[in-house]
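Each of the two complexes below includes chain A, the first together with chain B, the second together with chain C.
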Partner chain A sequence: MKLTPKLFWMVTLICGALAMMGPFWVMLSTSLMTQAQVFKFPPDLFPNPIQWGNYARVFQQAPMLQYFFNSVIVASVTTLGQVFLCAMAAYGFSRLHFPHKNLFFLVFLVTMMIPPQVNIVPLFFVMKTFHWVDTYAGLIVPGLFGAFGVFLLRQWFNALPKELEEAAYMDGCNPFQVFWRVALPLAMPALVALGIFVFISSWNSFMWPLIITQSEALRTLPVGIAALKSSYRDVTDWSILMAASTVSIVPIVLVFLMGQRQFIQGILQGGVKE
Partner chain B sequence: MSEIVQTKPNWLKTWGWPLFFILPCFLGLLVFTYIPVLMSFGLSFSYWNLLGKPVFVGLENYQAVLGDPLFWKTLQNTLVFVAGSVALEILLALSAALLLSRAMRGIGIFRTIFFLPVITPMVSVALVWGWLYDPRYGPLNALIGLFGVEPISWLYDPQWAMFSIILLRVWKDMGYNMVILLAGLQGIPTHLYESASLDGAGAIQRFFRITLPMLSPTLFFVTTVSLINAFQAFDSVYLLTQGGPENSTQVVVFWLFQNAFQFYKVGPASAIAYILFIIILAITMIQWWLRKKWVYNEADA
Partner chain C sequence: MLQPCVRHFSPVKIVIFSKVYKKGLNYKLRGIKKILTFSVAKTWLAGCAVTVCMALAASGFAGCGNTAQSDSTTLKLSTWGSAEELTLLRKLVDAFEQRHPKVRVEIVHIPENYFQKLHILLAGGLAPDVIFVNSLSYPVYADSDIFLPLDQLLDEPVDALGRETFFETSLKALTWEKKLYAIPRDVSNLVVYYNADLFRQAGVQPPGADWTMADLVRLGKKLTRDVDHDGKRDQWGVSFYPKPPLFWLPFVWSEGGDIFDKTLAEFELDSADAAQALQFYADLRHRYHVAPTREEAGSANASQLFLQNKLAMMVSGRWTVPVLRTQAKFNWDVAPFPRGKAGSVVGVDASGYAIAKSTKHPRESWELIAFLSSPEAQDAFSESGLIVPARKDVAQSEAFLAAPPAHGRYFVESIETGYPSHTPVRWNEIAEELNLALEPVWEGREKAGVAMRRVAPRIEKLLQ
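This part shows the complex of A and B:
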C-alpha cells in the first residue's frame, strides 16, 4: 500500500484516538482483573478470568449505593433548580423593562470573573451560620445560582420572536404565565444544553463536596471514591478503585451521549459567539 | 374607593415583575458570591482563630504569605503547570482540529472520543492515571519499556511529578479546546482558500495567511479559558501527590486548601485567595487588551 499523505494523517488521527481511549480501557480491564493479574508486569491487556465479583466487592467495601444516590440527588436538584432560576432571571433581563437594567446585568456578569476558590473559605462559614455544614442543603443550595446560565439563556430569549408572547398577553396572561407557557417551551434546546452542562459539572465537582460533607452518609461519588483510595495503607486495591471509577463514569457518559449535540452547541454558543 | 383599589403603588408597577423574575437569582449570587468575596477580603487583613471575633492585623497575612519561601515555590510550580499544560493542550488541540477538519468521514466519532475525558470526573481520571503511573506495575512504564526506556517513578520522582500532573491534565482538557477550535475552523469561508490556491499559495502559506488570522479570536478564547482553569487546578494534586514529593507539585489552590482546612489558618488562606484572584483578574485584563490589539477583525479589514 502506498503511503499517501491522506493515509498518513488518518493513521495519526487513529493513533491519537487510541491514546485518548487508552486510560478508559485500562480502567475497565483492570476493574475486571484478579489482584494477582493486576500485579503482573508487564501487564495484560485483557482480564482473564473476568472478575465480575470486583463490582460486588466495591459495594461491600464502601457504601457506594449511598454515594451514588447522593450524587444523583445533588446533581438532579442542582440542575433543575439552576436551570429554572437562570431561565427566570434571563427572561427578566431579556423581556422586561426596568430602570438600570444594564447595570444589574453587569452585576450578574461580574460574578463569572470570580474564581470559586476565592469564595470557598468564607462560603464555608456562611454555611456554618445557616447550620448547613454536612447537609444536603449545603451541598446543593450554593450551586443553584450561576451567571453563565443567565447569560446563555438571555441570548436565546433575545433571539426569539416576540409575536407569540404578545398574543398570549392579549389573551390575558400575566408575565409569569407567558414565560411558563410560551417562552420556556420555545427555549427547550437551550435549557437542555444548560441542563447537561450543569449536571456534568455538579456530578464531577469535588472540592466543595469534600469541604462541606463530614459524615460518610452524605458523601457524593467523587468524595467517597477519594476516601476509599486514602483508606488503603500499604497495598492499593487497584481493581476495586477502577471498578468504583467505572461506576462513577457510566451515568455521566450516558447523559453526555444522549445530549451530545445540544451540549456541544451550548459550549460553542457560550464560547465563540461572545 | 375604586381609585384606591385600582392604583397600585408606583414602585410595585415598575419593580413588581422584574423583582419576581430576577430577585431569586440575585439574592443567591449576593449571599453565595458577593458577600463571601467581601468576607474573604476582610479576612485577608485579619487574624481569626475561628472562635472569637476576627482581629484586624493590617497587611500581616500578606507579609507572612509573601515572606514564605514555600509561596514562591508554589507560585513557580503553578506557573510551570499553567504554561506547560496550556501550551501542550492548545498545540495538540489545534493539530487534532486541523486533522479532523480535513477528514471526510468520522468527524462525529472522533469528536466524541476526544471529548469523553472532558466530561469524566477528575477524581476518576486521577485514579486511573495514578495506576498508569504506578512505578512498579503501572501500564505506562510497560508501554515505554517496549521502546527500551527505563522505568520512571513518575509521581514519586520530584523531577517527573509535575510533568506527570501536566500530562494527565492535557489528556483530560484537550478535547474541550479541540471542539471549539474545530468549530472555528469550520467557520472559515472556503472561498478564501480557493482564491488563495488560484493565486498559487502553498499549504503553509495558506495556514499562516488565512487559517491562523481567521482563527485568532477562537484561539484567544480557548487560551484564556484554559489559563484561568489551569490556575484553579486542585483535584489531581489532592488525590495523587498532596503537593509532594518535596513540594514539587504544590500549587496555589491546594496550598490555599491546606491553609484553610488543614492548618486552620484562615487569614493567610484568604490572602492567598486574593493573590490568586488578582492573578486571574490580571490575565483577563491583559487578554482583553491584547485582543483589541492583535486579533484579526473583519470590521477593521
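This part shows the complex of A and C:
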C-alpha cells in the first residue's frame, strides 16, 4: 500500500537523474574516444579503447592553464565583489530608511528584466572610454553588480530578527559594524547561495568575454574552448572539444560540492517571502 | 523603542548628493572624494557603490591602456578559424615580422560570432587594421564605407600582385558596387565527392566530367539500397542539405535560374526555371528517393554518413578534404557538380583580407596583405587541404593538384565556370526567411513554386 507511491517516485526520480546525467555521460565518453569512434552510428556508450591521450592533447593544443587561470581570477573576483556589493545594497534596502526607498528598489528589480544582450554595445562603449577593452578590469567590473543578488539578500535580511541588531547598537556599534559583524554572518547561507550562482554564471559566461578580450592571454575557458572548434563543422575534433569541456566543469563541481548544504538552505529560505 | 538605524537624509543632502553623483559620472576623483566624505556611499544606493568602484578602478587602471610608445607600428589582424589555421597564420605572421622589423602584427582571433564582434569593434572605433572577411557577409561593411577600396593598389602591382594573379571570379565575389574591398585568400565552391568502392560494388561507372542531373538521379537510384535487408534503407545515393542556401543554389544556377537579378533589386526564385530546379532538389528526397530524409539521416550529417560508407555521393566543399584524407577507409574522389541546361554552375565564395578605412597604417596593412597573398603563404594555407587558394599559380601548381583527391583539378575548373557570390546587404535575414519558407518543400509537404511565391513579398521588402 505504502510501497507503490514510493516506488513511483523512485522510478520518476531515477528517470529524471538519467536524463540529467545523459549529456554529461556523452561528454565524458566522447572525450575518451578516437575521432573515428565519435562518428560511429549507432553511437557507442563506452569508449574503446580509452584515449587518455586526448586530455594531454588538449593541454598541448591550447594554453589551457592560462585560460584556467583567467577564468579562476575573473570568476572569483566577480563572485567576491558581487556578493559584497549586493549584501551592502540589500542591507540598505532592508534596514535603512531613506526617501523613495521602495521606488528605488522597484527600479532595481526592473533592471532584471532587461535582457543582457541589449547592454552589450553600450557597455562596450563605456569600457572603451575607460580603456578597459582587453583588460581584466573589463572582464570583471561589469559583472560586479546584479539586481538578483540584491533581491535575494534583501529577502534574507528582512527575515532576520531586528532584536539582534538592536542589541548590537546598544553595545555601541555603528551601522557598518552592525552590518559587518551581526547581519553578514547571519546571512552566510544566502551569501554562499548567491556566491555559487554568481560563480557559475561568471564561469560559463561566453558572449561578454568574447567581445571584451582580444588577446589570447586574457581569454577565459569558454572562449578558449570555442577556439578549439573549427569553423568547418566537419573538421572539428570533437573528442578534444569534449575533453576540454570536461576539464572546464571540474571547478564548478568543486564549488558546488563545497557549498552544497548552504546553497540549498539559502534557496529555501531566501525564496520565502514574508 | 530604540531605532538607531533609522537615518533620514535631509533634502539638502540629497540635492548635494545628486549633484556630486552627476559629477561622479565624469569619473573625477574630486567628485568621488566628496561622495566619500558625505559617507553616503557606504550604505546608500548600491548603484553609487558601483560607480565609486568603477571610478576608483579607473584611476588605478587608466595607465594600462597607454603603454610606452615606440617607433614600431602595431597592426591588428582579425580572423576566424580553427587552432590549426591559427598556428599556420602565426608562423606566416612571424615570417612577415622578420622581414619588416618595424612592424608588429597582433592577431585578433575571434573563434565564434565573428561578425557580431566585428560589428561592435567597428562601432566602438576599435576596428582592426586588417580584417578577414567572407564574400557572403562583407557587403554590409562595404556598403557602410568602412573598408578601403583596394583597386588602385592592385592596379599598380606591388610585390608582383596584380589582378591577373587571382581568379577573376574570386575578385568579383569581393567586389561591391564596382570597387574591390578585399584581396582573396581562398575560394570556396562545391564539387561532388564519391565513394569509389560503393560504385565498384554496384557495378556502375562513377561520375565523370560531363555528367548531368539525369545521371545524378540514375546513379543515385542504383546506389540507394537496403544493405542489411531489414526493410529500411541504409545506403543513399546523394547527400541532402536543407540549408544553408549555398547547397541548393547550384541546382538553381545550373538550370538557368537565379536568386536575384543582376542589380540585386528583384527576387527571382519564384520564376518557373528556379522553382523547377528547387523542386528537383526536393524530389531527390521525395520522388526519386535517392537522398536520405531527415528521419533517415537522424543526427548524422552528410560527411558522417559518407565516412560510414552509407552515402555514395556527397555535395561538399574543399573543407572536407582533411577529414577524408585522414579518416576515409575507402577509395574516394571528386567529380564536378552535375550539369543542368545552363551547365555546371556552383557558387564561388571567396574569403580575403580587407583594410579598415580607420587604419593609421594603410601602407603597412597592404604590405601584410601582400605577404599573406604571396605564393609562399598561399602554399602553406593550401597544404592544410582546407582551402582552394585564390592565386591561380598556386591552385594550378603540381603541389596542389597532386595531393589527393585524384581529380583535384575539378575544384579549380569549377571556379572559372562558377557564379561569384553576389549577396545583398541584408543577406543574413533573407537567408533566414528562405530557410523557413523552404522547410515544407524539403519535407515534401509543399511545392517549391508555391512556397517561393508566398515568400517573395517578404524578400522584396528586405531588398529595398
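Simple rule for what comes next: the second predicted complex is superposed on the first by the 223 of 274 C-alpha atoms of A that agree within 3 Å, B and C clash if a C-alpha of one lies under 4 Å from a C-alpha of the other, contacts with A are read in each partner's own complex, and residues count from 1 in each chain.
In the analysis below, a contact is a pair of C-beta atoms (placed from the backbone, for glycine too) under 8 Å apart; a residue touches a chain by one contact, two chains touch by 3 or more.
Note that the structure is a prediction, hence the values are computed from the model and not measured.
Using the contact criterion defined above for the overlaid structures, shared-chain residue A:Glu166 touches chain C, although it does not reach chain B.
Shared-chain residue A:Asn204: touches chain B; no touch with chain C. Judged by the touch definition given at the top, the superposed model places A:Leu65 against neither chain B nor chain C. After overlaying the two complexes on the shared chain, residue contacts for A:His131 are found with chain C alone; chain B is out of touch. Contacts of A:Pro122 after superposition: chain B is touched, whereas chain C is not reached.
In the superposed pair of complexes, A:Val26 makes contact with chain B only, with no contact to chain C.
Of the two partner chains, neither chain B nor chain C is touched by A:Val11. In the superposition on chain A, contact of A:Leu109 is made with neither chain B nor chain C. Of the two partner chains, chain B is the only one that A:Ile249 touches; chain C does not reach it. Set against each other, chain B and chain C differ in how many residues of chain A they touch, and the higher count belongs to B. When the two complexes are superposed on chain A, the residues of chain A that touch both chain B and chain C are 39-41, 85-86, 88-89, 91-92, 96, 98-99, 104, 108, 120-121, 124-125, 141, 144-145, 150, 175-176, 179, 206-207, 210-211, 226, 229. Within the complex formed with chain A, the residues of chain C that make contact are 2, 4-9, 14, 27, 42-47, 49-50, 53-54, 57-58, 61-62, 64-66, 76, 80-86, 106, 108-113, 116-117, 120, 123-126, 298, 300-301, 303-304, 307-308, 310, 316, 319-320, 322-323, 327, 386. Residues 14-15, 17-18, 20-22, 24-26, 28-29, 31-37, 39-40, 43, 96, 99-100, 102-103, 110-117, 119-125, 127-132, 134, 136-137, 139, 142, 145, 171, 175-176, 179-180, 183-184, 187, 217-218, 221-222, 225, 228, 231-232, 234-235, 238-239, 253, 256-257, 260-261, 266, 269-270, 273-274, 276-277, 280-281, 284 of chain B are the ones touching chain A in the complex.
Across the complex, chain C is touched by residues 35-36, 39-41, 61-62, 81, 85-86, 88-89, 91-92, 95-99, 104, 108, 120-121, 124-125, 128, 130-133, 135, 137, 141, 144-145, 150, 165-166, 169-170, 175-176, 178-179, 206-207, 210-211, 214-216, 223, 226-236 of chain A. Every residue of chain A that touches chain B in the complex is listed here, in rising order: 9-10, 12-13, 16-17, 19-21, 23-24, 26-27, 30, 38-43, 85-86, 88-89, 91-93, 96, 98-99, 104, 107-108, 111, 113-126, 141-142, 144-145, 147, 150, 175-176, 179, 200, 203-204, 206-207, 210-211, 221-222, 225-226, 229, 238, 241-242, 244-246, 248-249, 252-253, 256-257, 260, 264, 267-268, 271-272, 274.
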